[in-house]
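Mind looking over this structure? Questions follow.
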Amino acid sequence: MEIGLIGLGKMGNNMRARLKKAGIGVVGYDTNPAVSDVADLAALAAALPAPRIVWVMVPAGKITDSVITELSNVLDEGDLIIDGGNSKWTEDFKHSELLSPKGIQFMDAGVSGGVWGLENGYGLMVGGTAEMVERAMPVFDALRPEGPRDEGFVHVGEVGAGHYAKMVHNGIEYGMMQAYAEGYELLDAKKDIIKDVTGTFKAWQRGTVVRSWLLELLVRALEADPEFDQIEGYVEDSGEGRWTLEEAIENAVPMPAISAAIFARFVSRQDDSPSMKAVAALRNQFGGHAVKELD
Amino acid sequence: MEIGLIGLGKMGNNMRARLKKAGIGVVGYDTNPAVSDVADLAALAAALPAPRIVWVMVPAGKITDSVITELSNVLDEGDLIIDGGNSKWTEDFKHSELLSPKGIQFMDAGVSGGVWGLENGYGLMVGGTAEMVERAMPVFDALRPEGPRDEGFVHVGEVGAGHYAKMVHNGIEYGMMQAYAEGYELLDAKKDIIKDVTGTFKAWQRGTVVRSWLLELLVRALEADPEFDQIEGYVEDSGEGRWTLEEAIENAVPMPAISAAIFARFVSRQDDSPSMKAVAALRNQFGGHAVKELD
Amino acid sequence: MEIGLIGLGKMGNNMRARLKKAGIGVVGYDTNPAVSDVADLAALAAALPAPRIVWVMVPAGKITDSVITELSNVLDEGDLIIDGGNSKWTEDFKHSELLSPKGIQFMDAGVSGGVWGLENGYGLMVGGTAEMVERAMPVFDALRPEGPRDEGFVHVGEVGAGHYAKMVHNGIEYGMMQAYAEGYELLDAKKDIIKDVTGTFKAWQRGTVVRSWLLELLVRALEADPEFDQIEGYVEDSGEGRWTLEEAIENAVPMPAISAAIFARFVSRQDDSPSMKAVAALRNQFGGHAVKELD
Amino acid sequence: MEIGLIGLGKMGNNMRARLKKAGIGVVGYDTNPAVSDVADLAALAAALPAPRIVWVMVPAGKITDSVITELSNVLDEGDLIIDGGNSKWTEDFKHSELLSPKGIQFMDAGVSGGVWGLENGYGLMVGGTAEMVERAMPVFDALRPEGPRDEGFVHVGEVGAGHYAKMVHNGIEYGMMQAYAEGYELLDAKKDIIKDVTGTFKAWQRGTVVRSWLLELLVRALEADPEFDQIEGYVEDSGEGRWTLEEAIENAVPMPAISAAIFARFVSRQDDSPSMKAVAALRNQFGGHAVKELD
């Protein structure tokens, strides 16, 4: 089997390696000619046997959009595009509608595992028809972790469902990280009692209720920098957390913990907090409480 | 009528003025001799006709504790102490038990109104017996706002109940301020749409559902410094908010909004967030997401 | 002056009364012929002197949309439509674009005050050009509360800004109500200490930091039904709260208290909580903790 | 080696089995004579070689308190008591002070793993002196999971530190469960998109960022009852979550996600919500919004 792979960054490059190791031929394209197998998408199409499978692994939004649009012009009826990036699930409908009149199939694949996927395999959540899933299964089997297929791969539903599941996966991930982080902050604040913060997290890796892969990563991070002296408490958020919260609002699903995780990230990026300025100003007004004045 | 008033700071001094205006004689004591009428508490006791009423208006905690302990040695059976400070309600039981064997009566009075109390009167929530309330009513009537007594004064229950009600009052106050502050931050973030943030708050003062005294204070603050350029988003918390939350936990009362307000204050006082460092470290571990490194 | 008023329900009917009291002629239209002055929108247009002002006061969404679309066919160049309903601010752009080619002006007006507006006047936040604002000012002056104009009326910005401000107003309102409600629940849970819950809220009406119009309404409600025995804890949400939260997400504004208020409403409407089922199932799995089994 | 084990319920009984399997003799005592090896604590003391080690595994609070008090009367200088229950960490100081004058040593051990501990071993977090830890190490090694000692056992600090770490562990656990639960609720609400909710969780078990032991348990639970039809969304909370939150408040540590998890449990146990009654009443007052009246 041979597939096209567009985007050879941190994720795409690792996926190429994993696919090749499983005996799947890969024609890779990247805007960086140094890592690209072909000059452009037309050359990629030409290099693949029809009917083609092309995996798109580029940043979500405009770039994914333009790649898929360009592919719609160089691929043929019967080809299959799989969007493995972090696209918003509603984008999948748009792309599916764009490709459908040309007879080009479209699937979405939520991919989890980060830089560890090369070694561990990638958790996969896909959306599309049963026929498409069957067709691309060798690719999924190459990318997913060892072990039973249904513990690292799921056909979630029609197109869009894979990214939807991945979106919720990331929302949960935000909540879990926030939970560990709050616990860390409390332990760290009680150093008079907790003489070994890193050792405590390390000891939670076996037997406890909170053991997880994220915990193992936290232990790695603490062992490398036990006081997080080298790290600023500044946290970006990719779109999935926000979209999860938007979906919660839309569907009247209470989401207090995951939203707390998202808001904590927003605050982490502020130099100063407008809302806390307002509260400080209010306290000063009614109580004459001193405010910290800026110079 | 004549009472003793201990603590002549921002609050106590205003209360003295309001009491005198109502024709109540005040013997004031403060550790600052420049504003004190008497040299010490013994002199205060000597200067008052028995049975005495003494209003304690000093910082909650150790100072209130030591003042009441000292009063227990200079007052006589039949005297009445009113703690008008922001004491924790459980302290009231302790003080009541200390004074009871000596026949000294004890009441607690939650006092709201801040620096505006001199002009507007103070909202009063008191705890004690009906007899004590009746005895001190001229004092309460002098301090409370104009208008019907039950719109600015309440006998909440036995000793401790006044401070309990004041504690919850402050918890609500935290939540309200947070609500205005979040709304402010959003309006402030949308200056492309909202051309007049101050004017918007100003226009909410009449007719709207959100009109309140706090809103009027926010308008005053915005008119003085429309961008809060002079104010740092750093907010202290006195004990009442925390105690309210502790009571919520103790009584299994969900308190998501008020707790959010308290946590926002905690964050506002941090130079950097340990929990957000942990989340940044985690993201770096699994995704290779860049962290902001500290120099 | 004479204006058209579409929608004579709870709000529209009161507004008609207030406008008439101020000497403004009103031609009212409602789908209910019993309260309507004219048979249809064409008749309404015919009954008004050109250039016309028409105030639309119908449910947001499809109904507002169809009324404005129909008006675009019966009004003429130079006429002015004011949408006073609770439309989403993004709808205003759509309506403005629909009307602009026909030379029909469009403004949005956020209106606060509920059923009390007839008596107290309505807080008004409007979006549009300065010229439109000036033209409609007699209408705004009739509807807004007594007192200085800028304490009950604001020209927030271009079209859409009025509904944006009203949306945030409602978000704040959600947060404030939640704060009072949490405080109420705690006081209510401590009846051994708090002997007079209603009296406590009543006493907060003067002098305190938490005094507000909402507090007065809460006192009215408690006086009518002190234990809320007649009321179920089931709370709908109109769109504004959700839109406020969506905007917070979009603009990276932390909104923990207002979101808590919205989530509490979501929970209030559930017969049982899927998420709490999941937590109960988890506890049962790891700890053998008994679950409450359904029959 | 031989130890005394007090409390032979779900946890204690499993621990006895695991200790025996490791070749450690166990003299067990329980109030239920059918499972007890000895008639009372005096008989337990008599049956053990001095200096003795006694592990207490009974419900936290009064029962632990009375067992330790009774042990203080039947044990001798040089004996060692280990409290393995879910005691509040501040209790440990009290017990240590009670035993110290008699020369009886005291350690606290936080134990995680639930009913799975028999098979998997128990995660252990202990507080005490290095000497005590060394002395009891064979017991810890028997109870902890296979693998490197420091991945299932930690000497956290002085007495109290073990229970402190366990308390925070449980707080984190609450937050993690809430995160999964919120994600579950959203997926469950979108069944039009998500055709296989159970399959989605199942597929997250390998390769993904959210994989964990709790996730595996959730999959087990979903496979047994995919719609949680047999489970009510009613969730108890043991003390540790509340204590974690109290400690956060005490130490000014923001804890929005873990607190959200705790509050969600509080709500889950209410027949109706007093706070939501208050909000419903308020909306009715200002907007004439219908309330759901109770019969």
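In this document, chain identifiers A, B, C and D correspond to the written order of the chains, with residue numbering beginning at 1 in each.
One rule holds in what follows: contacts are C-beta pairs under 8 Å (C-beta built on N, C-alpha and C of every residue); 3 or more make two chains touch, one makes a residue touch a chain.
As the structure is a computational prediction, the values presented were derived from the model and not from experiment.
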Looking at C-alpha means, what's the farthest chain from chain D? C
Chain A-chain C contact: same residues or different, taking over half shared as same? same
Separation of the C-alpha centres, chain C versus chain D, in whole Å, is 47
Using mean CA coordinates as chain centres, what's the chain B-chain D distance in Å? 38
Residues of chain A that contact two or more other chains, please. 114, 178, 180, 182, 185, 189, 209, 214, 252-256, 260, 263-264, 267, 273, 275, 286
Could you tell me which shape the graph of touching chains takes: line, ring, star, complete or other? complete
Looking at the complex, which residues from chain A come into contact with chain B? 10, 114-116, 177-178, 180-182, 184-185, 188-189, 214, 217-218, 220-222, 225, 228-236, 256, 264-265, 267-268, 272-289, 291-294
Footprint of chain B on chain D - complex, ascending: 209, 242, 245-246, 249-250, 252-256, 259-260, 262-264, 266-267, 269, 273, 275, 286
Considering the complex alone, what residue numbers of chain A touch chain D? 89, 112-114, 117, 120-125, 144-147, 150-158, 160-161, 164-165, 168-176, 178-180, 182-183, 185-187, 189-190, 193-196, 199-200, 202-215, 244, 247-248, 251-258, 260-261, 263-264
